[in-house]
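A, B, C and D label the chains in the order they appear, each numbered from 1.
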Amino acid sequence: MTTSPLLDATGVAKNYGAVAALRNASLSVLPGEVHALMGANGAGKSTLVKILTGAIQANAGRILIRGEARDIRSPAAGRRAGLLPVYQEPSLIPDLDVLSNLRLTGTPVEPFRAWVRELGIPDLDLRDTARDIPLAVLRVLDLARALAVEPDVLLLDEMTAALPANLAEKVLEVVRRQGDSGRAVIFISHRFVEISALCDRATVLRDGETVGVVDIVPGVEEKIVELMLGTRIVKTHVAARSAAEKAAPIAARPRITVRNLRVGTKLSDVSFDLGDGEVAGVVALEGQGQDELFSALAGSIRPSGGTIEVDGQPAKFSHPIDAIRAGIAYVPGDRSEALAMQRSVRENIALPFSAAFRNWGPINMHRERAKVASAIERLQIDTRAQGEVQRLSGGNQQKVTIARWIAADARTILCFDPTRGIDVGTKQEIYKLLRELAGNGKSVLFYTSELEEVQRVCDRVIVIFGGRLVDIFPVEEADEPALMRAAYGLPRGVKADVGILADPTANTSDAPEAAP
Amino acid sequence: MSTTAITPVPFGRRLKRFMADRPLIPLIILLIILVVILQILRPGIVNERWIANTIKFAIPLAILAGCQTMTMLTGGIDLSVGTVATMSAFIMATQVVNQDPAVAFLLAMMPAVLIGLVNGIGVGVFRVHPLIMTLGTSLIGTGCLQVYQRTVIASGAKIPDFLAWLGTGVTSGFPNALLLFVPLAALIVFTLARTGFGRLLYAVGDNERATRLSGVQYWQVITALYVISSVLAGITGLLYIGLIKAPSLSLAEPLVLPSVAAAVIGGTSIFGGRGGYTGTIIGALILTVLTTLLTILQMPEGARRILFGLIVLFVTAAYLRIVEER
Amino acid sequence: MSHFLRRQGWVTGLFALLIVLFIVTKLIQPGYGSGDFGSLARAVLPYAFAVAAQTVVVIAGGIDLSVAAMMALTSVTAASMMAGASEEYALFVVPFVLAMGFVLGAVNGMLIVVTRVPDIVVTLAMLFVLQGAALLVLGAPGGSAAEWLKALISGTVPIPGVPDAIDAWLPKALLVLIVCLCFVWIPLRRSRLGLSIYAIGSSELAAFRSGVPVARTRIVAYALSGLFSAMGGLALTMSTGIGAPIPGPYLLASVAAVVLGGVALGGGKGGLLGPIVAVFVLRLVRTDLTLLAIDPNVTAIIEGAIMVAVVMFGAFITMRGRQ
Amino acid sequence: AAGKYTIGISNTVQGNGWREEMVCAMKAQALASGEVAKLNIAHRNTDAAGQLEDIRNLISAKVDAIVVNPADPAGIKAGLEEATKAGIVVVAVDQAVTEPSAYIISNNQEQYAYLGAKWLFGQMGGKGEVFYMRGAAGASADSDRDKGFKKALAEFPDVKVAQEVFTGWQQDQAKQQMLSFLATGTPFNGVWTSGIDNVIVDALVESQAPLVPVVGADNAGFVGQLSSVKDLVGAAVTNPGSIGGAGVTLALQILDGKKPAQQTVLVDPQLWDNATDEGKAKLKAAADPSLSPEWPVSISIPDWTTYTKEQIVACKGPGE
């Protein structure tokens, strides 16, 4: 292709104090192109999008738009330059209604309405306050708002991550047509199926650096993965469970028994058991009710029906403290939900100890130091910047959220996507840790968005789709194609036709209709 | 990371980082600067007696600022401390006429506990904004005090000798109030740093959701906090009446805004999660010295107030600059 | 939708409360008539402007402790400029004082943006600065106001063709209030600037990402607060005919009425109508307490209790709504 | 009660001993007169605009007379005018008002300051430095007193003001200012206070500073100190809070058709010093340790008030 690029960024770098979010990123997008931006968690994709659209300022780098050097200092300037983002987090003003949000950004209403309809939401009331609109719809509105001003370059940061399959489908369709009409789209996703269905080329980031630009052709996935992970690639399918563990007798009575659990409209009729010494995986696409399941078990929301039994005793949780007293600890996926960011590692780890009224008194510093130190040791937390948790790296922050419950010696740990945003090495440590816990007789419920992890860690897999438990796999049968199918609500044994593992002869764009 | 260690850091940056890691040092320097200015303007004023007086007046302010520090750590504020202090002072001075001092003391502390409880329940359970909650209870408290006042006009008032000794006495150069304040301050510092409750205050102010997931029951912490704050305010009232020796219905009200200012100058974040009591004590000293400085300056009252506002703003801004630059 | 209803519901509830209070007033004092309503409107005037000033910044996610001091400064400035001057000179004084309030408010905003000191501290410091400035302008209450200015808020508006019995219920003070507030507020609400003010109060990050110039909008919000405070200061001078350098009880009253009016102290929510109705409610409560000859010390208790009870009630409703 | 009148009262400072005594005097006098059926009291902290609101509310309440302690002499003119128009008798106490139809029974603030200052400068031997402790900056009573003080100062050219401060009429602030001033070591020969007096004597005694002559008001605390504190020379200038009772009496007289000869009655202050025997006797007679130290001891005004001490201290109005 000889056409000059619409957008050309080179040498972009961004530091947050000692953390380098971007070191040397470059990205060149041609007109009419749907360009994938790929990279592992924390590679710097979102940071690059924010810099390109003026939400943050780069420390170094050059950005050319249609060959002209532009210094984009604010989102408004980015907008004027024809760059419109849909960020990873919704950007509608929560307390304004949709119409006001449109006026705020100077978005024409009629095209917006048309796009919203096109994107599969026929009955939107523009007078609804953004706060009251579900997350998935908000993401679509964000997109429609960007489309309505007909941008030259559309930047979509994990646009489809939180969408149900039907909406995601529409989005992909619309995005592809954008490319066809001569505009450019920068598309971020962790889903290879979307990338291969949609994109022309991909730029791969690793640790804040652009490590390659590839054309999307069948079979390029392996190459992208290699680029993304670099030398750290670990692709051995070792089951972490030892033979001895497998042989361990299953306890007569399950640790936790869930029957017909229901939470609002999000979760219905979920029943399963969790035994001592077991790691049970939960697999689900985004937003299928797994959040509600974990929250209900952790006592942070009240289920609207069903029963939870702990050690055979019926349990009713009205506050997380009730679950904690029953020995159930919850590690949320979002670190910022679990950590007091301005406090020290030590205080964060010791936080559950102070929670109970009887521990409000003087702290036995010796005992605390010993406990905290052993937890830190066990998880190998890098404590060089332990004065404030916010100065730790993301992976180490994540470890702190787990270390807390190791120190508190919780019997059951609910881990919600604990490897989100942490590097491959740390992931390995966490897998090991979870197995170790199980080996010590603890039970773990483990939700992960990365199917690959299931085989490494779990004994059993629970699959949730559309708020229902659709299947329970023994780990031996839980290979990725099978899980993927199940996650899409397809019954076991149907031919694989989704994801990177799809039969290459099948038409990938023909994604399956969700079967509720 | 390793590069920063090798390249020599300029002295200015190093100094800044040094101060940022020890936020008390810039505060103490600011205090010393003010004292030096005072000494230059009125040579000889900085003597033993002046220091004792300054400490005497800084102590009640510092205790009330302690209430603000603790509540601000959780993202709150307690505007009822002035009313509570006034109430306990007034009740003490009027009840001690006919009652046993111990009984009078209990009576004097009763409204403090009550108001603290109401504040705590309002903020912790009903989630009313602390500003409104404490403002409302302080209005109610003032009204009650006025109603009460009418019933005791005939009996007059008396300042118990012990309180007068504590409030105004000086023993070999040291104000007796230090006997109350030093243990109290140590207790607050210890509570904030070394007890489960103190930890929770910081954690709740930093990230309430996180504390909830760790099993912390917000309402318990908040209720206990506001009761403690009120009790401290009540004790301040008793100390203050010993210092001023004139019970009035608005005795401690003028201390409310300065107590907020002292906590903020001392580096406690009004948004919660960050700060400490030692800084607040210095903040209270800074404000007290500043008041003296402005009293001594020969200038129109209007200009004095303008100067006061500007200095408070300047000190806070300078301090934030130093501490935030990491 | 439910949120929208709930928000309007609060204002509707306040209105209903106000009407109930009017009925109660009429029951207590059967002679309560149009003249008394005029008095109410005049009493409301300075509070309403103070509350408007506070509302704008609270919606923008801030707070302004300097409202009352700003009113005092603008009031003494107006009164001392008009002292001994001709009636026409006041035509110059009014815009001057309004501009002064606007500029000083903007200074508040700029200090917050530039120093990054929390708004509550900046405006507290400005409270002292403005108070000091007021004392420098007038050391003691004094000055005067042009007669036409004073006449502007006394009496009623005769509307041709409408019987006196009806237009007697339209006091000039009410009209001035409505005109002044609407003149600023309605264009503002409809403009992008107004939306921006709501946006920065609701979520600063989302606002920034939507292209809102956050710093500039914050400065404008404080400037508008200054403008409304200046109107309040002028209202004080107009009703008393003098300027007093000691601030009146408008700061705490403004915060209380803002919350009663359904404006969340976190920002982003609410409007001007609620707080203004809340001011009427609070003033009418005081009227009723006076009419009933309630012990004055008890009135403080009642006023505090109403404030706490209403806000607790609101919090209770939202908690119910959330479940 | 057997009375026939309803009297409205408006006061704008709350929580200060002098004003509390004034309100109690009004209540006691209304009760003692037997002519008042009901008192309607608006008593809160507010400014002139707030007082206008209160006055208008009292007009709405259809009271027969309004006794007002004005927040400002000129600022409430409109409200008083409306009251007169509505046929209500208006009496201003403590301070004058500019509304010509109102009757005024007032303490003479300018004279209050002049009398005390003149005595003080005399005590100082007509020369030296005086510590001038004023009231609240920007209050009209304070500026009236300043006039009187300056008038006396003009008569004593050798007396200089060592330092001028505003106490805001607050005990704590005044005491701190006095102590700071003492710490500066500035020589001074006398202290004039605007009624925040006993804390000043306390401060002098506590810091073992030389006891210079002090002028204050007739507050119970200070009056007690004048006879009990050794070596203290000082004078109390009367500023009776019971003027409120006198205001009620005047209002009732007018309602009964006995109009006074003049619109304005000035109650001139007296000075009781402990340097003369005559003053000492007066102080002794006036001293009343059972009263709250903030209350002025002159709880009654001869010819104007008829209540007993028990009645004012009980602070109950008709119908309570």
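Note that a residue touches a chain if its C-beta (ideal position, glycine included) is under 8 Å from a C-beta of that chain, and two chains touch if they have at least 3 such contacts.
Please read all numbers here as calculations on a predicted model, not as lab measurements.
Interface comparison, C-D versus A-C: the higher number of contacting C-beta pairs is recorded for C-D.
Chain geometry summary: the mean Cα position of chain B and that of chain D are 34 Å apart. Note on chain placement: the centre of chain A and the centre of chain C lie 47 Å apart, centres being C-alpha means. Residue positions 134-135, 139, 245, 295, 297, 299-300 of chain C each touch two or more of the other chains.
Of all residues in chain D, those that touch two or more other chains are 14, 137.
Not a single residue position of chain A touches two or more of the other chains.
Those chain pairs judged to touch are A-B, A-C, B-C, B-D, C-D.
Remark: chain B residues 42, 44-45, 47, 49-50, 53, 56-57, 142, 146, 149-150, 153-157, 168, 240, 243-252, 254-255, 291-292, 295-296, 298, 301-302 touch chain D in the complex. By the touch rule above, chain C contacts chain B in their complex via residues 111, 115-118, 120-122, 124-137, 139, 245, 252, 255-256, 259, 265, 295, 297-305, 307-308, 311-312, 315-316, 319. Per the touch definition, chain D reaches chain C in the complex via residues 14, 23, 38-50, 52-54, 56-62, 71-72, 74-78, 136-140, 142-143. Those residues of chain C whose C-beta lies close enough to touch chain A in the complex are 1-4, 192, 195-196, 198-199, 201-203, 206-213, 268-269.
Here chain D touches chain B in the complex through residues 14-17, 20, 24, 137, 163, 165-166, 168, 170-173, 175-177, 179-186, 198-199, 202, 206-207, 221, 289-295, 310, 313-315, going by the rule given at the top.
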